[in-house]
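There are structures below to look over.
Heads up, the next two complexes both have subunit A, just with different partners, subunit B and then subunit C.
And now, the complex of A and B:
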């Protein structure tokens, strides 16, 4: 999954191009991307140059994370990061890689069961935040009598089904339309590694080697290791294998790639040295 | 006592915090750790707003009333920047540890308890802003602050000085800290000493010029004030955040 949009501007706003701008000679306001053609970086409160905001005849303009619509027609970045425009989707967003996970509907996360309530499990998505609710019955073919019994501390791979600032997030391990689990559910055995939000996004790209430049997992697999992984958008990475050494090796390879910001060649080198260590 | 007038920062030095930054400027070094949005303590929980919790720790000893006053000044400034209504029932915790204060070879560096130290506020504020930016906590805008002193004695009586040294600050008639938002709005103004309304207007004018500069060399704006040497904090914040974003997104 790429990302989910936090808000949606209904309808194209034709007046966006005519935001009145005060040109005060003593006040030097920074206009993002007014002259540069490379990647555009913004700070909160910057003015976004109107030429960067895409206009599409039919699709509504979509605002991704990191942008705020200040009525009537200002679009203001709220975080520091790279300003990204997707002309085909008529979408704009600000990309960041650090920070704490804030749940959004539709994202896949790995949670830890904190305790079980009367009708749902209380699941922790990140430390020191209020628990998310995972109803006992939102598992594949679960009924009151046959439902997975999760002990405290068990891991679940789930989808965020409800995220609202005034309510605790809700999770589900079953697709509400088909009733199938689609790979979601309890994660038994294995080990959990914390990674940055940016790294989990890279790992979750559909072509992570090509678009996200992550080749560690492919390299480890081609070196003959057998393991199973799951990545949560909340910065959690789960590995399972028959061999305990393989689990720790895969986890170390991914966390090191994340922390040191390794490029493709460095990742290959890291995998080679780790494999040598193993044998 | 060569105090560097160039700002310096180290982003995300603390691995366990959501966001952290070490900021040094004019001899002050401050480390900020930002965590949030996390669950607020039950008794402080607000059903509609996020709680902004600022903790200031002094370079030596335990915090006292002076630190509590700094905390309240920073808290009221920062809660204007964070869209607190977007994170109800949560807490955004900003811990600011003063690591170094300017060494002062000439003035008697007696540590007086319960005395407000105004010149440390810009360093605390900039460290907090960098911490919040690294923690990717949404902000409405950024704020930059500076210290201004009005000198008392000698031929230059009544002169406004931007970013005074420790000695100048000590001998000043009045000391002011002003903070301006990205679009030039006055957000923070704290003063000590005696000054007239005209002097305050001068202070605000100089402060706005210094804070709103967004270019590496401020020659175009501050030509008339022979204060060209002081670098633009806003430009500095922009460049460090830009290089961090470029480094984090190297794979794109």
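And now, the complex of A and C:
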């Protein structure tokens, strides 16, 4: 079943008619109306309202992370989170804030080089998972002689190029079509901060202030701080700056926003208090 | 074998560079602790301590058993600490890691061997019956400074605990339920606390930190734990390996530890008083209690 969080919050209970008869009558279920605005939240195993699933004349329906196809024609969420529909792409997915990072093709991640093998680096993306492989030659204009030598423990910003369920993921630091690095590669100096997966997604949105409601970085930059950041989809946030205090400040601002779930006004207030501390 | 990601070179360099400039990653001062929270459960003998993201829950329980044959006049007191896979997948059940062994040894030395609990008061019938007090330490999440948090939680839980009242008439031992007689607190002699210092730098002189996070704990070059009560009576000092520390620094640490210990004593006293007040509905507790003032 779908939970309409907004309607729960506003205390508008769905009408009794809309509560469907299910096989599990002990659980209170609310079916969200197809027209409901506001975010829709699902629990694992919930039934998804057919009216929410997009239909496209040509494109096949794409299931993103957090959803499973149960043959013949059921779609079941496997995680709790926000149900997101992308009508243009004819795709649906479930967004979660917490949980372990599962690599998916095309995502940008920050990994730590664990050790170097004969052909590739073994890169750790998250705790307690097997390492990802980063071939020695998948850097911009890398040949056997000119490839970058990464020490154990070095950080790399890379794209996931291969992610199969039963295989170690593979990474690349070069675009296979253009041969350019597009900003990927080793990250020198700076500091790494752990953030939640939801926060890293919000930070990586193209309009993070508008869609993700993250304004700390913009606020810090407009306060005159100069820094460079990189966000990995695996819940890593890298900051570099000339000034050590700035690095620490930016990292703390982002982690605090993440942990305390601050809204836009609270984020602005946090930045003001941090800037005051700096001067 | 699941393994935790080790800190990257960038993190190592940043932490040491920041410490040289007098900064910690989370913006605290060197001797500043994370906010400490101490909560008691509804039941007696349940305490939860939180140091930032480190969270420890302790539950104390009592039962009547036979005393050890070589100590017929003493009760049994044990502290069971276990790090479950809930903390991190690297901890396995029934396979104690070094952290776990060190933690249980530290609690043992600090609380049990220092005689914080008067075990002779637990004796019911010499050589035949005694109370067995057991404190179970559950680590719920780990973000450094586990020893201090666990020690504070154990002391708080033991001081909060009430064992059933009992009486002996002739040969008959009666243990009363809480409905019959109000449970009595343990005979508590002093409250020792662990205070851990972490040293950074090749010579251990770059920085001396209190209440380290897990990242700092992975990068420190040496550490030292003082266990002492508010009177400055030291139960144990342990410095297991690491770089050597200058004696003046060490003495200074001991003084800071004493101040911290007083702070923790005050915290536990205050929280216990608050808890007792919230339980004392209608102000009848003074009449109900069977406890004699020492």
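To be clear about the criterion, the second predicted complex is superposed on the first by the 240 of 279 C-alpha atoms of A that agree within 3 Å, B and C clash if a C-alpha of one lies under 4 Å from a C-alpha of the other, contacts with A are read in each partner's own complex, and residues count from 1 in each chain.
Just so it is clear, a residue touches a chain if its C-beta (ideal position, glycine included) is under 8 Å from a C-beta of that chain, and two chains touch if they have at least 3 such contacts.
Note that the coordinates shown come from a computational prediction; the quantities given were computed from them, not determined experimentally.
Student: Which holds for A:128: it touches subunit B only (first), subunit C only (second), both, or neither?
Tutor: both
Student: Could you tell me if A:165 is touching subunit B, subunit C, both of them or neither one (first, second, both, neither)?
Tutor: first
Student: May I ask you to decide whether A:192 touches subunit B, subunit C, both, or neither, giving the answer as first, second, both or neither?
Tutor: In the superposition, A:192 touches subunit C alone.
Student: Would you mind checking which one, subunit B or subunit C, touches more residues on subunit A?
Tutor: B
Student: A:210 contacts which: subunit B (first), subunit C (second), both, neither?
Tutor: neither
Student: Mind working out whether A:44 is in touch with subunit B, subunit C, both or neither, as first, second, both or neither?
Tutor: First partner only.
Student: If we overlay the two complexes on their shared chain A, which of subunit B and subunit C does A:222 touch? Say first, second, both or neither.
Tutor: neither
Student: According to the stated criteria, A:273 is in contact with first (subunit B), second (subunit C), both, or neither; which is it?
Tutor: A:273 sits against neither subunit B nor subunit C.
Student: Overlap of the subunit B and subunit C footprints on subunit A, residue-wise?
Tutor: 127-129
Student: Note which residues of subunit A are touching subunit B in the complex, please.
Tutor: 24, 26-30, 39, 41, 43-46, 66, 68, 76, 78-82, 95-100, 102, 127-130, 165-166, 198, 202, 212-214, 261, 263
Student: Which subunit C residues qualify as touching subunit A in the complex?
Tutor: Residue list for subunit C touching subunit A: 2-14, 17-18, 21, 23, 25-27, 88-90.
Student: Once bound in the complex, which stretches of subunit B touch subunit A?
Tutor: So the residues of subunit B touching subunit A come out as 12, 18-19, 35-39, 81, 83, 86-90, 133-142, 181-184, 209, 212-215, 221, 237-238, 241-242, 244-252.
Student: Please output the residues of subunit A touching subunit C within their complex, sorted ascending.
Tutor: Touching subunit C: residues 112, 114, 124, 126-129, 151-155, 187-192, 238, 244-245, 247-249, 251-252, 277 of subunit A.
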